[in-house]
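Residue numbering begins at 1 within each chain, and the chains themselves are lettered A, B, C and D in the order written.
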Amino acid sequence: MKTLVSLGHFLYNRTATMILIAALALGAVSLLLLTLGIAPTTIAVAIAHGSIFSWQKFSHVLSLWIPLLLCSCGLLFTFRAGLWNIGVEGQIICGAIAATALLREGSFGLPPALILTLALALSFFGGGLWGSCAGLLKNRGGVNEIFGGLGLNFVAQGLILWLILGPWKRAGIASMSGTDMFVKELWMYTPPGWRVAPAALLLALATFALTAFLLGATRFGLTVKATGNNPLAARLYAIHPERTGLAAMAIGGGLAGLAGGLQAACVYHRLLPPISSGYGYLALLVVMLANYRIAPVPAICLFFACLAAGSIQLPIVLQLDSALSGVIQGACVVSALLVHGLQKRHKGEN
Amino acid sequence: SPLLAADYPFGLLLVGPANDHGWSQAHFEAGQAMEKVLPGAKMLYIDKVNPADRQGITIPMLVDDLVSKGAKLIIGNSDDMKDGIREAAAMHPEVQFIHISGDDAITGKSGVNLSNLMGRMEYGKMMAGFVAAMTSQTGKIAYLGPLINAETRRLTAAAYLGARYAWTEVLKKPAADLKFKVSWIGFWFNIPGVTSDPTLVTNSLFDAGHDVVISGIDTTEALVVAGQKKKDGKAVWAIPYDYQGACASAPDACLGVPYFNWIPGYTKLIGEAISGKWKQQFLWLGPDWQAINNPATTTIGFMPGNALGDSQKQALTEFQKALAGGLNLFTGPLNFQDGSSFLKAGTTATDDQVWNLPQLLLGMDGASK
Amino acid sequence: MIELTNIHKTFGKVHALTGVNLKAEAGTIHGIVGENGAGKSTLMKVLTGFIGRSGGEILFQGQKVRLDSPKDALRLGIGMLYQEPLDFPQLSVLDNFMAGRAVFAPVEARTELARLAATFGFTLHPDNRVEELTIGERQQLELLRLIGDGARLLILDEPTTGISKEQQDLLFTALGKLKTDGATILLVSHKLEEIDLLCDTVTVLRHGRVAATRQRPFDRDALLQAMFDSLPEPQAPPEPKRGGIPVLEFEKVTGSGGRSGLQKVSITIRAGEVVGLAGIDGSGQGIFLKIACGLVPPESGRILRFGAPLQGKAKETGRTTVFLPADRLGEGLFPGMTVREHHLLAAPGSALITSATGLTVSRRAIATHSIKGQPETAVEDLSGGNQQRLLLSFIPDGVRLILMENPTRGLDVHSAAWTWRHLHSRLHADGAIVFASPDLEELMSQASRIVVFYNGKIVLDTPTRATDYQRLSRAITGQIDPVGTC
Amino acid sequence: MDISLPSFLAAIAVMAAPLVLAALGETLTEKAGVVNLSLDGTIVLSAMTGFVVASRSESLTLGFVAAALTGCAVAALLAVIGVWLNQSQVAAGFALTFLCRDLAYFLGSPYARQQGPQLATLPVPFFSDIPFFGKVLFSHSLIVYASFLAIPCCIYFLYHTRHGLLLRTAGENPEGCWARGINPQTVRIIATMTGGTLVGLAGAAFSLAVKPGWGQPQGCEGIGWIALALVIFGSWHPLRVVAGAYLFGMLQLLGIYFQDSFPTIPAQIFQVAPFPLMIFTLILIHLSSNRKNRITRLFSGNPPKWLGRAYRRS
């Protein structure tokens, strides 16, 4: 009974905080819209229409949700280890490159499911490798992981462009629209009327479950948490903080790479220059808004995916720029920081 | 007797912002014009259709959305959309598709509900090269290229041929004195970290003594920089691209703009679709030589700019007449940049040879691949 | 000149100061003494407004004054030399001298600094970076800055820790000069000889209260008696065990860290010994322990543990050696994680962890170590004493070398006794316990051998039986010339 | 492409001008112990406000003022979260980066690719005729001169004024600052806002002078990250930071020339190179400065001791 009451209290507090954050963010954005003479409600209706009011739209939302969730899961690992992994974009790209390297060769007469599985495994390794690079730069060279990651993002960007316009160019003409499409049998199965591959959806759900499991229910997760919490103390418990950090970067990069592999294998069916689509940065915002906790991540990813998908309606219906969705996403995170800070101050911790 | 539908929504997918004063805006305005030209036609558009601006964007998804809003015909305005449009066309056989700048209708990679539309910008670029050479005082002309592919090679070569014609045939100067430099930035517009910075490239082109820069990219950096230099008293000019109103960003440095006018193409293809006469085709429309800036009839126009001198304007008119009269600049002898022969003396290039130009031409300075 | 009445200060739940009264006259030097954590620094910081006070009044020249911030203090001419130097290591001497002044005049400041330095016989190069200076020079600089800023009431918090004899002499001469000029000086010190030498009055603080106030001449024993909780009759110290195999050997080991680092220390600790390390905070005992457990690599010298050279890897430390640091939250625990999670991390076990895993282990540890908390309590919510019990509960079976800083800090008498019984029972037949403690009573009653550190060196190494409180407290305050083992 | 050395140097000076302003602004901020990671978004947002205000009011001055205020306002928000509320400055900076960028695209959309006012070149009489240096230093627009002037001003302020000294002390040891009767929180907030103002000016320098106009993309995206990297790897010294800014300008230009000089190497390499090359040059300098030899020690320097750490009085 007592635990139930305290659980209730806990949920109530969390919910109240969430409502406060949303009210502040949406209030500020609404105010901005009103000063521009736009009714916030019409925007909300348009976005809702474009995201959740039909299965087709919602399945589009889900197709955005998958990579966002994967990248966010990866970031949960790195944040737990106390690292700012800003190189997610580059890791997505490397994952996509690794998957493409296999998929563009065709199926070799092997079962497509096998090839696809292999390609996704490769993408995990590709992204993981890129993540480890930033980790190594930090461990060996003392290079702040923010700038190491940023530099590696640019390098990955260069690499993908070079591949697309050079060695992997389309038959005939190199084109920014990407490499040639993979052969049809290597497209992940999407049922008619769906805009998302069920297998990818399952993979994302499984990844989230695995992340929650690894971080929440294994010794490894505890080790990562301890490292991020107090690297100084970690050594007393026979934990190697640097090695743990590197492992977190590799897993984080791997999951981002997996997102990239899925983008190539089941969304675009080819490698194209902007394959990372800014998911890496968006995922950073997701995890910050979740206050680095695991549980809220899928819901926030869904919310962000709805905004991203629904905002396409803004130019169609209201002739408004769809960057508004980014404004709402950013405003949510900023107000979360404000609300959490004010709460701490109120409690006298500040 | 066209059976005009009372209501005919069509969708337009724009790769860039609808107000980019360039490629996308030209399409957008043509789409708007359709609502007047074709009674009942109603445009639905989505702009910034590219994965960098919109996460997880795929053409089939957007087409679904437009179709669910009633669109009976969809236009995709970018080469990037090639695969997506093809896929969407297969998914929606009941809907007609127009892909701008592709060639699926020729190669047969798509179903009959997809047509291609493109303008013969070669002519526009020839005129651009022509006025550039007529105006240049240093004899050094530069071309600000986007990325290297068959289309851009073709357009760049056309500009060079126009310039060479002006230089040797009109001005009667030795061909060797004409310098034609191509500098590629890497994409249709500037993406920091991915492309060279067009502002910087244009500046260095001018600094290196080129006095006319012909822009092949979708945004107006070249003209803006020329305008700045002009204000500082330098004798430099630029020629923007794509959009009829593009000179507006620096009218005093603008020699003119070769532009696309999509109204005739749209009118034909959409009109046929409305009246049930749709058939798959590859439509490659050129200028209306009788009225090169007539919005109803010409697909390629050239709008002279404020900076174009009177005598040059006169010469341009003559040049346009010659082109209308059958002058073909893709006539041999022409050699490729590497010295190999492209056209033997007396032969003219086929459409296919021009469309798939494999290299820049001899006399042009810059990367071919 | 200055009078503090009924000063209170609390940090959250900690009562650092309770009803402190203190009065200092112009032209005198007033000493403040007390054991570690008695509240000396806190009282001084309250006096400068550096930290706010929870209650009490301050009278300056008979007038009640606000003193809410250092700004107020500076206006009244109150300046303080802090225990942890509050200067700017990466800035130049001149910048440090000028920082905070109302006018920026480098040229004038340079001449003023030179003039003041000459007056007191200090040598300071204005363009050197402060991080290149010795602690003593940094203090000289701060002192000159305060005098330059017109301070008439000078507070010095342990100014002689970590400075050389020459610098100390210079400092004392300077203080004498200032006193003659009519300034008031409050001197916080652990070193009774300094008090004897300089002070006119002395106030003893204990547990945040005034334990005694004395005028010169001082009775040394009475002061010591007032400072340390009690000087009970010495218990029979444990029998020193002789002839055990060497557990830990240091040969001319030098390392940096703490206030004074470690300077060419050689010592051999044998099986069966319980070695107590004594000394003022930061005299070398802390860094000795960290080097011994492999957390900090030494700069030079040779270390053998169980007869084999130390690799300095964290992994090794786990099974055979444990280290329990003094800064429990900062170096020993993971704030934000629960007691159970700590137990899980401390002991090898299953790779899978559910909310039930380790619950019994944790419960048992909580029970056997009388930790006031639940397995799901976050460690930062434990009281300091319970945090220490938690750390003790991590010591796995079979550990041969137990290294500890302040093992019973914050424990009540009862649990301290329990803890020591517990520790002695854990003493491995082939192992040893080495602990540092500021508590003389604890050292005398628990250690079989006592090693006193002063300025990074061992100044006394003796079987507990062969020493007494007086001798130890003198050694701790540096009153014994460095000698080897007796 | 052949180009004279003065033209080459002059082009670097122009292209680097906004970067110089932004990097100096961030240097001021970080010297006070605050990390303002929002630079990239702030630059885009202030480029937009600068352009819109200048074209609507037809006053360049108002445009620059508006951009400066924008930068200052974003920095103030960061200071509230990161200094006053003691929240993670890095998190706040990240969130603001993306918020500002999208806000700029959303609000600026109606003004995209419109013709707008731009700062004219103003050769300094007499000086601009000096051979070589006239072209390099004295034939620019006001904002480029401002970027030149900002360098000595910034150095003078930081190292030769009372407030500059206070600013450094707040980043070095806020407790020491407090012990000297100065509230480090106030110093940090003001420094953050001052730095933000310079960053705002950098935005306007783009949209009103160096890359006149506004659109999506404006062309200044990504520069903020370079500025941030410059501050770290320039070891928090304005002079080295600025040297890095000019190095970046040079890399960008060289990329264009090398495209011609090495026709066998794919052109894309040179197009993509400057950004990663810059970051990795900086990383290399950083790595080699860990080893203590005399040349690389030139580049080594330490971060302000309390950088990114909150301070609060007990």
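As a working rule, a residue touches a chain if its C-beta (ideal position, glycine included) is under 8 Å from a C-beta of that chain, and two chains touch if they have at least 3 such contacts.
Quick caveat, the model's predicted, so the values are computed rather than measured.
Engineer: Tell me which has more C-beta contacts between its two chains, A-B or A-C.
Structural biologist: Between the chain pairs A-B and A-C, A-B carries more contacts.
Engineer: Measuring centre to centre with CA averages, how many angstrom lie between chain B and chain D?
Structural biologist: 37
Engineer: Averaged over CA atoms, how far is the centre of chain A from the centre of chain C? Could you give it in whole Å?
Structural biologist: Taking the average C-alpha coordinate of chain A and of chain C, the gap between them is 48 Å.
Engineer: Can you work out the whole-Å distance between the CA centroids of chain C and chain D?
Structural biologist: Here chain C and chain D have centroids separated by 45 Å.
Engineer: Could you check chain A for residues that touch two or more other chains and list them?
Structural biologist: Within chain A, residues 154, 157-158, 161, 165, 321 contact more than one other chain.
Engineer: Give me the residue numbers in chain D that touch at least two other chains, ranges are fine.
Structural biologist: Counting only residues that touch two or more other chains, chain D contributes 109, 216, 266, 268, 272, 275-276.
Engineer: Can you give me every chain pair that touches, using the contact definition above?
Structural biologist: Pairs of chains that touch one another: A-B, A-C, A-D, B-D, C-D.
Engineer: Show me the residue ranges of chain D that touch chain A in the complex, using the header's touch definition.
Structural biologist: 37, 77, 80-81, 84-88, 90-92, 94-96, 98-103, 105-107, 109, 216, 225, 228-229, 232-233, 266, 268-269, 272-273, 275-276, 279-280, 282-283, 286-287, 290, 312
Engineer: Spell out the residues on chain A that touch chain B in their complex, using ranges where they run on.
Structural biologist: 50, 54, 56-57, 60, 63-64, 67-68, 154, 157-158, 161, 165, 172-178, 181, 195, 263, 267-270, 272-275, 277-279, 282, 308-309, 312, 315-316, 321-322
Engineer: Within the complex, which stretch of chain C touches chain A?
Structural biologist: For chain C paired with chain A, touching residues are 295, 314-315, 317-318, 322-323, 325, 330-337, 341, 344-346, 349-354.
Engineer: List the residues on chain A that touch chain C in their complex, please.
Structural biologist: So the residues of chain A touching chain C come out as 217-223, 225-226, 229-230, 232-240.
Engineer: Report the residues of chain D in contact with chain B in the complex, numbered from low to high.
Structural biologist: Contacts found on chain D: 1-4, 7-8, 10-11, 14-15, 109-110, 112-113, 115, 118, 120-121, 139, 210-213, 215-217, 219-223, 252-253, 255-257, 259-260, 263, 266-268, 270-272, 274-276.
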